[in-house]
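You will see two complexes here that share subunit A, one where it goes with subunit B and one where it goes with subunit C.
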Partner chain A sequence: MQQVVQEIKNLSIGFTSQKGEQISILKNISTIINKGETVGIVGESGSGKSTLALAMMGYVKHGLYTISGECIYQSNDILKMKNRELENIRGRKIAMIPQNAGQSLTPNLKIGYQIDEALRLHTNFQKEDRDVKISELLNKVRLPSPETIAKRYPHELSGGQQQRVAVAMALAGSPDLLLLDEPTTGLDVTTQAHVLELLNFIAKDTGTSMVYVSHDLGAIAQVSDRVIVMYSGEIVLDGPVRTILKNPIHPYTYGLLKSIPKLTLSGLPNSMSGSQPQPGTIKEGCSFYDRCEFAEDKCKIKSPELEFVNEFNTSVRCFNHKELHKKKDKDKKSSKNVLRKLTKNEILDISSVSISYAKQKFIEQLLNKIDDTNPTVKDINIKIDKGETLALVGESGSGKSTILKSIAGLIKAKDGIIKFDKNKILSSDLKKREANYLRAIQLIFQNPDESLNPNHTVEEIVSQPLKLYFGLSGNELKQKIIEVLKKVRLGEFYLTRYPRQLSGGEKQRVAVARAFAAKPDIILCDEVTSALDVSVQAAVLNLLQELKEDFGTTYIFVSHDLAVVKAISDRVAVLYQGRLCEIGPSESVYKFPSHPYTEVLLGAVLEPDPDIKPKLVAEDIVEEKPPEKGCSFQGRCPRLLGQICKTDVPPWQIDENGNAIRCHIKINDLKNQQISN
Partner chain B sequence: MLILVLKRILLGFITLFIVSLITFVGVEVLPGDACTTYLEREAYGAALEACYKRLGLDIPAYERYISWAIGVIQGDFGYSLSGEMKINDVLGPRVKNSLVLASASILIGIPIALLLGIITALWRDKMPDIIISTFTIFSMTIPEFISATLLILIVAIWLEWLPGIVIVPTGASISELLPNIILPVVAISMIMTAHMARMVRSSVIQVMASDYVQMAILKGVPYWKMVFKHVLPNALLPAINVVALTIAWLLGGVVVTEVVFNYPGLGRLVIESISNRDLPVVQALAIILASIYVIINLIADLLTLMLNPRLKSLQIKK
Partner chain C sequence: MTLVIKKEKPKSTFSKIVEIISTMASRPSGLIGLIILVFHVSLAITSPLYAPHDYKAIDPSLMLQAPSSEYWFGTDSLGRDVFTRTILGGRTALTVTFFGSLIALLWGGALGIFCGLVGGKIDDVVMRIIDAFLSIPWILAMLLIVSLLGTSTIVLIPALGFFYGKGIVRVARAATHDVIAKDFIVSARARGHGNFSIIWNEILPNVRDAIMVEGAMRWSWMLLGFSSLSFLGFGVSPPTPDWGLMISNARGLMSFAYWAVLAPIFGLSSLIIGINLTADAFAKALGIDRSTKAPV
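Up next, the complex of A and B:
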């Protein structure tokens, strides 16, 4: 018999709407967390997964309240405890590692103080012992020189370091149960892989139970023993990690897994139609009914109960899980292949572009000295053909968005020329660009919440480029707007809606429609799917691909997500610290990542498969500034040759597949070394 | 850090220069001047010219400005036109009176404002918040001339507890002033406290909703410890600038209250000298009030800089 750490019984949490209705965010949740077990809770935004994790600490957010049920810890209901009792459990017995450590550390208190506070509250150590313990904890989460870190303020650390501090703080009270709320979301791929590896180590080392909440099935696969899938406030699937990820017997999980782009698959992932219902909109029947491809009439009337299936050791909330299991095997084709028509017809030529963020001092301006020898982005040469999708990838600070902005004319390049359509030079000053070139290059931003004017209706938003570039008005304008919206699969009734009345996916569609309304030749996509849920991301990727096939548009696609890039791009350029490392056809870059940095990046990608472990080949150090001399990757390179890497900029080498890399090691040697690893 | 302070001081001087120019030009452009006001219907011919000569208004405006500016730099504002007194002598007691009124209001008003703001935020939507917020919104919306008049009516006329208007000479000593300023201080504090309490309330509520406060709660930090260590230092930082603006406003801008209570402070002097076309006094006042704003804002910015670790380390990096 396993020891139970916490038991959740029939828990429902909700709020009272303005109409006085009681609306549930969590519906009848029952589950058990065993000692030493890591449970992954997965779901898209709004599925109630964070609310569940917080309830396990007896914390219910302002405006929400417990409708029914209990969270039992050591035979007491945490949700009914007084504050005094909770203070003795929080941080000591159950600790939380928050989503955004940068915002979860109090800005006016030093790191050392914040860890010391947890120690003072939850241990009996004296001052000297606590100081030793702080260093021990910081060492345990592998932070370099703990004494200096302890004296710093939170904002003086990098994202990965802040997350490690949060882990150290949670470990201070040696809790029985660690709750992790999206602990790696927002971190770079390599940092994320390292933090997950650390968490796995801690789980084994201390025997602590963990509840890992995330939308990212890749991360869940790496840490969990058991996975709970949540949809619309309900548990729809609860079972061992391998069953859930390899043999999902609930249609939602099945669809979700198919909509994730994977490194091991080629082509675009399948998208799931629709989006998660708003709380309170589903009165009867299964909450997944509208989006389910296996739905039957009875699903609409009756809501299925969570049913334990012995065969898979899994609980599932679906009437048809047996049929799904049979049908699934026939349905082998799980991804669409991308149609690639490439023409050798150059549309954009970026040559020797350097961009500097360094501000000139007043005196230097007077003397007309522009002398930043070490600019943020340096020496970028890329030629792009018509109809091609070029992806720029790299970690944060790699300069990928900066390059995009300079193509759009939002940032002035320090050096270099950008030519459009073979010989027309694009001025680096936006004000001097001709209207026709402005029209030809459109941008889609990461976050549609911020890129769409909240006071404009969809009609007004899409009409802007049509009025500006084509001078349309009246009925003609309206027809055109409807036509453009139809292209992004939004009906006429969206015209009068405001952005706040749309879901995340719909908003991004409006942003796509606005870009396409200008009939552009090139669309710059800046992390366009990062703010979206996985199932919506797949839909937007498919939409972009279809539009491209219809209009022959060229995309420059910036993303940190290597699997997304693999799905959509024809060619990939890998950037580190504003310098190009590798550029080549996607297929061969992903198959034979030659440059050591590409190898590091691809190795750190998390696949939603517990049997594929990330390869951690380099440290996740954050470099503030590119090195003055030599190779940009010298600081982290696992294959450093020696002095030459520190003094000489590596030459370009091209292999037979068209992969070009910048490295001092011979390209074929690099490949052989990787295969032998 | 030092460079920043010097930069800010330089900027302050530039501001003062511009303010002096604008007031000078403004008063020049307005129709009528000291002589036409002084002579009224006889403002023509020889009498007018004699007046101009006597007051030095016959020389070109820019020359007057330059000679005046040189005087100001040396700390001499020249002579007032109407009373023909040294302006320094006119201003001195008024500045002192305003200081007394302002300091009393600050000493009473700011602690109360902070307290009310913090209480309303911590007991948000509960009884204490509802009662205090109703009161603060009420006293914020009533114009000060009405609340001041009501105070006089109730406290001075019906209850006869305190004098209704200030009947001391301009040069009165502080101990003579004190009993007289109670009502003006109450009138000023009511509106000032209400504004600041609302500001503090929203700032504390915002910080209470932040991730780091939630984290502190989930870490098991006891409530009051969390409030004092994690919430207040971060919530009150933005209040510094508001407090600074309020102080500056108190020193020169409580015109209405001063008029209602007949209080001999700077605010009333502004009104008097403008209606008398007393150009030198108006200029002197503009410079003094602008300096108060500049100095107090400078102090507030430096204080924020020192107390906010984020800004501090940014400055060091530069």
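Up next, the complex of A and C:
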């Protein structure tokens, strides 16, 4: 019999709406966290996963209250405890690691002091012992030279280091249970893989139980033993990680897994229709009914109970899980192949573009000159063909968004020329560009909450480019808006809506509609899916692909998500510190990531499969500035040759597949080394 | 699969106003504020119709009479009816300050948005000038203007409007800064919209509420400022009834004829409280938290 750390019994948490109705955020949650177990809680935004994690600490957000049920820790209900009693548990017995460590660390206190404070509160160590313990903790989370780190302020550390400090603080009280709320969401892929590996190690080393809350099935797959899938405030699936991810017996999980782009699949993932219902809108029946492919009439009337299936050792909330299991085997092909029609017809030619963020001195301003020998982005040469999707990938700080902004004319390039349609040189100053060329290049942004004016209706939003570029008005304008909305699968009734009345996916569709209303030749997509939920992301990707097939638009697609890039792009350009490392057809880049950085990057991608472990090749150091001389990747390269990498900029090499890399090592040698590894 | 579509009609401007007012009135403080404000405004409009006495009739025989059934609030040192003068006394103040705050709102809002949008050197220079103006005691500057140009309404309205608009510049600029970094502005820029179009279509709808609430707040401060001017003898010229002037005239006799001071004080302070409560309720109805949003 395993030792139970925490037991949640029939927990419901909710709020009272303005109309006086009681609305549940969590509905009858019952589960057990065993000692030494890592439980992953997955769900899309609004599924109640964070509320559940906070309840496990005895915390209920302001405005919410416990409707029923209890959360038992050491035979006490922590939801009924007084603050005094909770103080003895929080941090000491149950600790939490928040999503954004940078924001949860006090900015004007040194790291050492903050950990010392945690130790002072949660342990009985004396001052001398605490100093030793601080070094010990920092060592445990694998921070280099703990003494120096302890003397630093939070802002002097990188995101990954801050997250490690947060882990160290949480471990200070040697808790029984560690709650992690999306601990790696804001981190770069390589850093994320390292932090997850660390968490795995700590779980094994200390025997602490962990509850890992995330929307990212890839991260969950790496750390958890057991997975709980939440939908609309209910547990819909609860079982061992392999069963859940490889053989999901709930239609939601099944659809969710199918909608995740994976490195092992080619083409676009299938999308799920609709979105998660708002709390309180589902009065009876299964909350997944509207989106379920397997739904029957009884699902609408009666809500299924959580049922334990012995065969899979899993609890599932579905009437039809057996049928799903049978049906699934027939439905093997889970992705659509992308139609690739490439014409050799150059539309954009970026040649030796460099961009600098350095502040201009007054005289330089007058002379309109920038004097910076080590600019943020340097020497970018890319030719883009009509109808092509080119992806720019790289970690944060790689300059991918900067290049996009420079193409749009939002940032002035220091050097270099951007040519449109073979002969038209685009001015780097937006104000000097002619309307027709402004129209030809449109942007779609990462977060539709920011890119749509909250005080404009959908009609006003979509009308902007139509009025500006085509001078439409009156009925003609309205007809055109409806037409454009139809193209992004939004009906006429959306015209009068405000962005706040739309779901995330709908908002992004409006943003796509606005870009397409201009009839552009090139669309610049800046992380367009990273603010969206997984099931919605697939739908937006599919929409973009369909629109491209209809209009022959060229996309320049910026993303940090390599699986998404693989699904949608024809060609990939890998950037590190504002310098191109590798560029080539996506198929061959993903098959043989020749450049050492591409290899590191692809190795760190997390697949939603517990059996595929990320390869951690390089250190996850964050470099502040690109090196002055030599190869841009010299600081982290696992295949560093020696002095030559530090002094000479590597030459371009092209292999037989059209894959070009910048490295001193021969391209075929790199491939051979990878195979022999 | 069925899509549940919420029927939500676009609201007309009128129904929006009705909604805002009913939200304001749903809180006791907002309701009290609105009642006081409406009472004062209607009093100012209609009082000449039913003022019981002539506000400028001087009668030495009636000097400093205590409140009676004939003279409800008593009489002042020149034998004029205090009640008549009190109900008429808010007219000039309300008119001058209303148009004054309108001017403050317009120029302050426009300059603030402009500075927030262009940023850089121009913004720096303009804001330092504003800071410099803020450091001058406004009443001294007002006295200077009034003594140079006279105390007519034509002078007072723009002068007050100018001095009270400085604070609005800051609020408008701060509100614009909140909006300016958002991607929808970048998007409009990338499309090639001009500065004017960006201000009008993208920024103004998002900062309008903050500016309007600040304007309402400035109104009550300006009212106090205007009454102070009258109190010092630089506002409304006698014999026109005005609260500030009335307080000034009667304050020496406060110890034995308190009524002559009390009535205008009550009029002035109730109006200021009314405007303050209304402005706060207005801010809450629009969803702006004044305690965190107003920088001045």
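Assume the second predicted complex is superposed on the first by the 668 of 677 C-alpha atoms of A that agree within 3 Å, B and C clash if a C-alpha of one lies under 4 Å from a C-alpha of the other, contacts with A are read in each partner's own complex, and residues count from 1 in each chain.
One rule holds in what follows: a contact is a pair of C-beta atoms (placed from the backbone, for glycine too) under 8 Å apart; a residue touches a chain by one contact, two chains touch by 3 or more.
Predicted model only: the values in this text are computed from it and were never measured.
Contact with subunit B, but none with subunit C, is seen for A:Gly91 once the two complexes are overlaid on the shared chain.
By the touch criterion defined above, A:Ser174 reaches neither subunit B nor subunit C.
By the touch criterion defined above, A:Tyr153 lies against subunit B but remains apart from subunit C after alignment on the C-alpha atoms of chain A. By the touch criterion stated above, A:Thr647 is placed in contact with neither subunit B nor subunit C. In the superposition on chain A, A:Asn100 contacts subunit B only, with no contact to subunit C.
With both structures placed on the common chain, the touch criterion links A:Leu468 to subunit C but leaves subunit B unconnected.
Residues 54, 57, 59, 62, 83, 86-92, 95-96, 98-100, 103-109, 117-118, 121-122, 153, 155-156, 166, 169, 173 of subunit A are the ones that touch subunit B when the two sit in their complex.
Listing the residues of subunit A that touch subunit C in their complex gives 273-274, 281, 290-291, 408-410, 430, 433, 435, 438-439, 441-443, 445-447, 450-457, 460, 464-465, 468-469, 493, 496-497, 501, 514, 518.
Subunit C makes touch with subunit A in their complex at residues 1-6, 8-10, 182-184, 186-193, 201-202, 205-206.
Residue ranges of subunit B in contact with subunit A, taken from their complex: 209-223, 229-230, 233-234, 307-310, 313.
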